[in-house]
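So that you can tell them apart, the chains are marked A, B, C, D, E and F in the order they are listed, and the count of residues begins at 1 in each.
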Amino acid sequence: MRENTVKTKFQKGEAVVNGWIQIASGISAEAMALSGFDSLTLDLQHGPLHYDAALPLLQAISITPTIPIARVPWNEPGIIMKMLDAGCYGIICPMVNTADECAAFVKACRYPPKGYRSFGPTRAAMYAGEGYAKNANDTVLTFAMIETAEALDNLDAILSVDELDAIYVGPADLSQSLGGLPGADWEDGKAYEAVLHILERAKAHGIYAGIHTGSVSYARKMVEKGYQFVTLQSDLGFLRAKAEEMVNGMKAKEGSEKGSSPY
Amino acid sequence: MRENTVKTKFQKGEAVVNGWIQIASGISAEAMALSGFDSLTLDLQHGPLHYDAALPLLQAISITPTIPIARVPWNEPGIIMKMLDAGCYGIICPMVNTADECAAFVKACRYPPKGYRSFGPTRAAMYAGEGYAKNANDTVLTFAMIETAEALDNLDAILSVDELDAIYVGPADLSQSLGGLPGADWEDGKAYEAVLHILERAKAHGIYAGIHTGSVSYARKMVEKGYQFVTLQSDLGFLRAKAEEMVNGMKAKEGSEKGSSPY
Amino acid sequence: MRENTVKTKFQKGEAVVNGWIQIASGISAEAMALSGFDSLTLDLQHGPLHYDAALPLLQAISITPTIPIARVPWNEPGIIMKMLDAGCYGIICPMVNTADECAAFVKACRYPPKGYRSFGPTRAAMYAGEGYAKNANDTVLTFAMIETAEALDNLDAILSVDELDAIYVGPADLSQSLGGLPGADWEDGKAYEAVLHILERAKAHGIYAGIHTGSVSYARKMVEKGYQFVTLQSDLGFLRAKAEEMVNGMKAKEGSEKGSSPY
Amino acid sequence: MRENTVKTKFQKGEAVVNGWIQIASGISAEAMALSGFDSLTLDLQHGPLHYDAALPLLQAISITPTIPIARVPWNEPGIIMKMLDAGCYGIICPMVNTADECAAFVKACRYPPKGYRSFGPTRAAMYAGEGYAKNANDTVLTFAMIETAEALDNLDAILSVDELDAIYVGPADLSQSLGGLPGADWEDGKAYEAVLHILERAKAHGIYAGIHTGSVSYARKMVEKGYQFVTLQSDLGFLRAKAEEMVNGMKAKEGSEKGSSPY
Amino acid sequence: MRENTVKTKFQKGEAVVNGWIQIASGISAEAMALSGFDSLTLDLQHGPLHYDAALPLLQAISITPTIPIARVPWNEPGIIMKMLDAGCYGIICPMVNTADECAAFVKACRYPPKGYRSFGPTRAAMYAGEGYAKNANDTVLTFAMIETAEALDNLDAILSVDELDAIYVGPADLSQSLGGLPGADWEDGKAYEAVLHILERAKAHGIYAGIHTGSVSYARKMVEKGYQFVTLQSDLGFLRAKAEEMVNGMKAKEGSEKGSSPY
Amino acid sequence: MRENTVKTKFQKGEAVVNGWIQIASGISAEAMALSGFDSLTLDLQHGPLHYDAALPLLQAISITPTIPIARVPWNEPGIIMKMLDAGCYGIICPMVNTADECAAFVKACRYPPKGYRSFGPTRAAMYAGEGYAKNANDTVLTFAMIETAEALDNLDAILSVDELDAIYVGPADLSQSLGGLPGADWEDGKAYEAVLHILERAKAHGIYAGIHTGSVSYARKMVEKGYQFVTLQSDLGFLRAKAEEMVNGMKAKEGSEKGSSPY
């Protein structure tokens, strides 16, 4: 069966560089997968795509060794199990605020007796190869998003839930829930304190920690702190940043050193 | 009727910054259109999309003032007219090697008596608003690609064809046809000579000149030379460049100044 | 940021003419948007389309000033937030029967501290332009459908829920729930009494009232009564009505006044 | 094998009421097919859809007894044969201007020895049932569009081509080619003369005649003249006409007889 | 109104041969429907398709007399009602473990006063023809999946729920829940005992019984036992079985009797 | 660069087992690719799919080592080059009847100076990896279909065309063109003689030979004769054969040996 190299890296203490897919195009997904990310997460929550648009992207990613993960729209067993059956090797679940919500989530990712996932890994078995039924429970990674004040209040309870593998910090929701503005790459204030606190408690519970970031420098900093799963913006963010950089390069007045601009 | 601002810029002697669409996603097309390009060209030739995938991208672009153009797969009236009926305000036709080929192309873009375009601007009339039937012949821009040795041999004849508005240089095909490697942004050699020669002859015939480029610096240089329509890479190229820049930023060893990397 | 002109009309005491989209085609959606409706609602409940089919329709509508709204399949946060992130400026939620259900719905539409909407307005920010994060809570309209006997029993409690902007009457469900037949444009009986009662209570609570209708005459009547948001059938209904009118015009025997029919 | 009831009606001297599909939605196509048209033509020329979008519409139409036809983008054997293999029982080919063009078209619709259609009726055999290989040549209808001055010059030669079943008049192109404006339902002038002349010559050659119209009254008139295949506008036209009628009904000032309007 | 021939067969004591759709292609769905199945179930739970991909398959099936059914991803009213509105004549709901869950499911399939299904059978009315509103409650079949130890514990309570028509056994989940391996066609052990027990209790309650099988021989055996609804594998299973049979036929060494193989 | 293992097998004198894709589903394409075929051909001619539907299938196939090939709808450079740019390692061109047609086809598959293929291998370079520009001309296989009496007349001329790698026999068209019925697996008559003659002449010219077959036994026979590329039916054929086998297994009366059947 195909190895979950994200889990292997986690177990070795290494950090995983995760890409984020919001463009529903098999071609751009294949390009992302060829760019060297360890894993790619299909964002079915805030990304403008749902199951039918996501499926061909999973096939595009499967051309490469990059591990496919999905962030689901909500903590709802139907879509969680559909994404697993489609071949995802990890699920990121938004807005996990209590231990009960966490248990409902992780059990949806596990076959009995550890959970209540229904059996029928139609594409997952094609992706994984022989042994899926036997090994799925030990292969699929569960990430609970910690992104609200309520989740902070219940943090140790959440982190104590069996079959939870990892947490994932959503810095925009976390900040907003703590009374701040939505944003990423916090360097101070309540959101930053929470980012460090979540990491510390996760480590104490033996749970891997991941976080969404907006820059290489912040992602590197988070890895140095101990986060083992860092996401860099998104494909759509990359596209727009580069497009604006190029257009601005063309449209900017060049000033005295180059003489008159054609514009 | 909606103005073709690309034509207006041409007439004013200004340069047009054109983006290039190869990702078949309405969302990424909308992002490109919001990035400030004057026009966006859907690449139905080398881009991995055909008519059915292209149509929603035209709608996404239409949200903004960016002018939509299509490069068709080949000099074939069926697809040329379909893209015009879908609302494109310009057609770039590949591999125009003779005056006859050029005439066949441009007449497919013009209603009688100037050409043989069939009437039925189903979406074009929605995009353009009132007056399409009357003004289409004066609004739609025709770009013949000059990209072979044969086209160079027939250059003046091609440039003399009625209803040809512009030429567009494909530097990779041009170079390969002249015995070189495929590539862009030529600074010397036969391909570069041809790039300058085509421009000079186009100007002599009162035909606007466009070219595909791989960088802001080369595009600016071409504008300074007199090219009035410059394309910067493509959306897929932007995405991949930024993704690789980010991944490399994470995966690079940082060296002595930062101590041991987590990788 | 793009203004929600539906809300503006509400605040001015004006009525909004809403169209209803059940055909999953960007072209027909663009045609509907060009027809002069103030707003268009994508019907993800009874319309034969779900998220992936709905997304390009939102882009088609965005070409025009028509305001996009979605009716979601059910009171479920995943799809509510997805439609908001896609750029909808209003959500119509079916089958809101209690104050708790209403609160769950409206809070899914509001960022903290007013609700629990998760932050990530990927396309909404493209549609709205600058300022979405700050202004979304004051821009997005929440419509709770009142369409059951249970909802009538709980009407004042529902209308008292914070962040509820409007109610929307589904006359077919309402009638069926009250023991009648499904249908629209009630002029008497329990359903009609309920239609008037809901309006009266909504006004008493300062909540805007909307209703689905099947004809211009009934819609005008409802506006005169005080409903400020009236829907006229649906695109599919329009298409079928006109198609049958045309076919019947051809197939009808013309009778004596015109002599023998060719059929 | 499923009967081509359009051909049967032709042979009986009856008129066929044809609908026109430009909306690429299986749901709207099914609604059109249920509306009572004898046949429905998928417009791949001016309609905003190509093969991949058209295929599910053919399946939707096949639910009903309505006969599916396609107008292809251009006289090109690839797409003609694809539409036949998809189950169309007739092909309307645009811009047939000479006998040679006509022969190239009709032979693409016929298996040897009558033509050069390639064998592989993948869906056609599912649609038609047993006997397709044997009966296809006698079942599939060929319609050459007569819509240019050149075609009028060559009319008798075109009408003499073996295996041509019918002609179809495109009044907009015809008028424009004759120096007029694009439009339909001509009642006088060169275009109207041509409409009558084409009909007369078609009858003389034993070729069925069809025409695109914009109204029931004109379609009825054409049937009275002898046209046996009349098209009424299009689904998109129906939708837009009804939508505008409804919106105008709402937005019109009602004047004195009804008191103050809310608008 | 179109008859639900599955229900008719149930009432006559006959068995229904059900096919299982996991390939999201209208063409393969039409081929399945033409193969002679009494009904076809779109598997939205473990099949790699969701609503937007499923809709055209329902239209393809509707070309034939085969009855369309859907297995929904989870016991959630939004998707249940969407599939009914799309024209399904039966819903199979996974993981029904308690009487309350069963009631929530079946009431989502029934209009008031028997349930809380919302009215708006947009495509269902096109599929069914006249009379849907009146007859839907008596036409649509409800199948609760019995596939866990918990469901076995609550079996009589589940089977006593009003408006439950049938149960459907998922042998893989059932076996796994009872401590065994996932698999089908059990001939002994706890899973087989449960298969017989469920049947016996269903008959005692007047509830029809269905089961998923992997072979004709087992399906025939189950019919002999009294199961009246048997599914044979899936379209994807058929495809893969035949493909592997063909490839193995080519790649197998033929041994001495045929001389040297080219492989 | 990824090796073309079909070419390697050809050069080693081995036979290639080719599968045939007519179902436009990434899932069924992945299943086919996992079934052990050496290559898979997307049938854009008689298969119900065109470019936009074919692209995700190429990505699905690319997950495995199976080599992707396309049969194009017609000998037209636009679609030939699009399929190559999408990553196909071979093109099968229908109805090649003369040496000129053959030259036009093969030159569309070769970069200058060997042909006139335009440069822009957008996805092909992702599929192939480094070196595509340099190696494409030596990697891509050209297959001309020999399937008419005219092609037989011109056989040696066709086989002498530079850059032709292989021929592919379409037995149905070939038979029909020779006055027979469409069909496959000919064992005698004119079609069989032609099958043997084509093979003999291909070998004489050093051109590889392929053929479409309907059974393992005939395919094995053809390989023994010297055909090195044999296709087994199609995915749709597999699906339908297995479905009918299963349904017939259920619906067949079992006769006396088993007692009364439930049917």
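Here is the rule we use: a contact is a pair of C-beta atoms (placed from the backbone, for glycine too) under 8 Å apart; a residue touches a chain by one contact, two chains touch by 3 or more.
If you're wondering where the values come from, they're calculated on a predicted model, not measured in any experiment.
S.K.: Would you mind checking the shortest number of contact hops between chain A and chain D?
M.R.: The fewest touching-chain steps linking chain A to chain D number 2.
S.K.: Return the chains common to the contact lists of chain C and chain E.
M.R.: Chains that touch both chain C and chain E, as defined above, are A, D.
S.K.: Compare the two sides of the chain D and chain F interface and say whether they are made mostly of the same residue numbers, over half shared, or of different ones.
M.R.: Both copies, chain D as well as chain F, present different residues to each other, with under half of the numbers appearing on both sides.
S.K.: Expressed in ° and rounded to a multiple of 5, what is the rotation angle of the C-alpha superposition of chain A on chain F?
M.R.: 180
S.K.: If I rank A-E and C-D by number of C-beta contact pairs, which comes first?
M.R.: Between the two chain pairs, C-D has more contacting C-beta pairs.
S.K.: Distance from the CA centroid of chain A to that of chain B, rounded to the nearest Å?
M.R.: Roughly 36 Å separates the two chain centres.
S.K.: Round to the nearest whole Å and give the separation of the Cα centres of chain D and chain E.
M.R.: A distance of 41 Å separates the two centres.
S.K.: Hunt down the residues of chain C that sit against at least two other chains at once, touch-wise.
M.R.: In chain C, residues 22, 24, 27, 31, 34, 48, 50-52, 55, 76, 79, 122-123, 236 touch at least two other chains, as defined above.
S.K.: Thinking of each chain as a vertex joined to the chains it touches, would you call that graph a line, ring, star, complete, or other?
M.R.: other
S.K.: Once the touch criterion is applied, which pairs of chains come out as touching?
M.R.: A-B, A-C, A-E, A-F, B-C, B-D, B-F, C-D, C-E, D-E, D-F, E-F
S.K.: Can you list the residues on chain B that touch chain D in the complex?
M.R.: Touching chain D from chain B are residues 50-52, 55, 76-79, 81-82, 85-86, 111-113, 116, 118-123, 133.
S.K.: Any idea which chain B residues touch chain A in the complex?
M.R.: 14-15, 17, 19, 22-25, 27-28, 31-32, 34-37, 48, 216, 219-220, 223-224, 230, 232-233, 235-236, 238-244, 246-251, 254, 262-263
S.K.: Where on chain B does chain C make contact in their complex?
M.R.: Chain B residues touching chain C: 26-27, 30-31, 34, 55-56, 59-60, 62-63, 122-123, 126-127.
S.K.: Flag every residue of chain C that touches chain E in the complex, lowest number first.
M.R.: My answer: residues 22, 24, 43, 45-53, 72-74, 76, 79, 94-95, 147-148, 170, 172-173, 176-177, 179, 181-182, 236.
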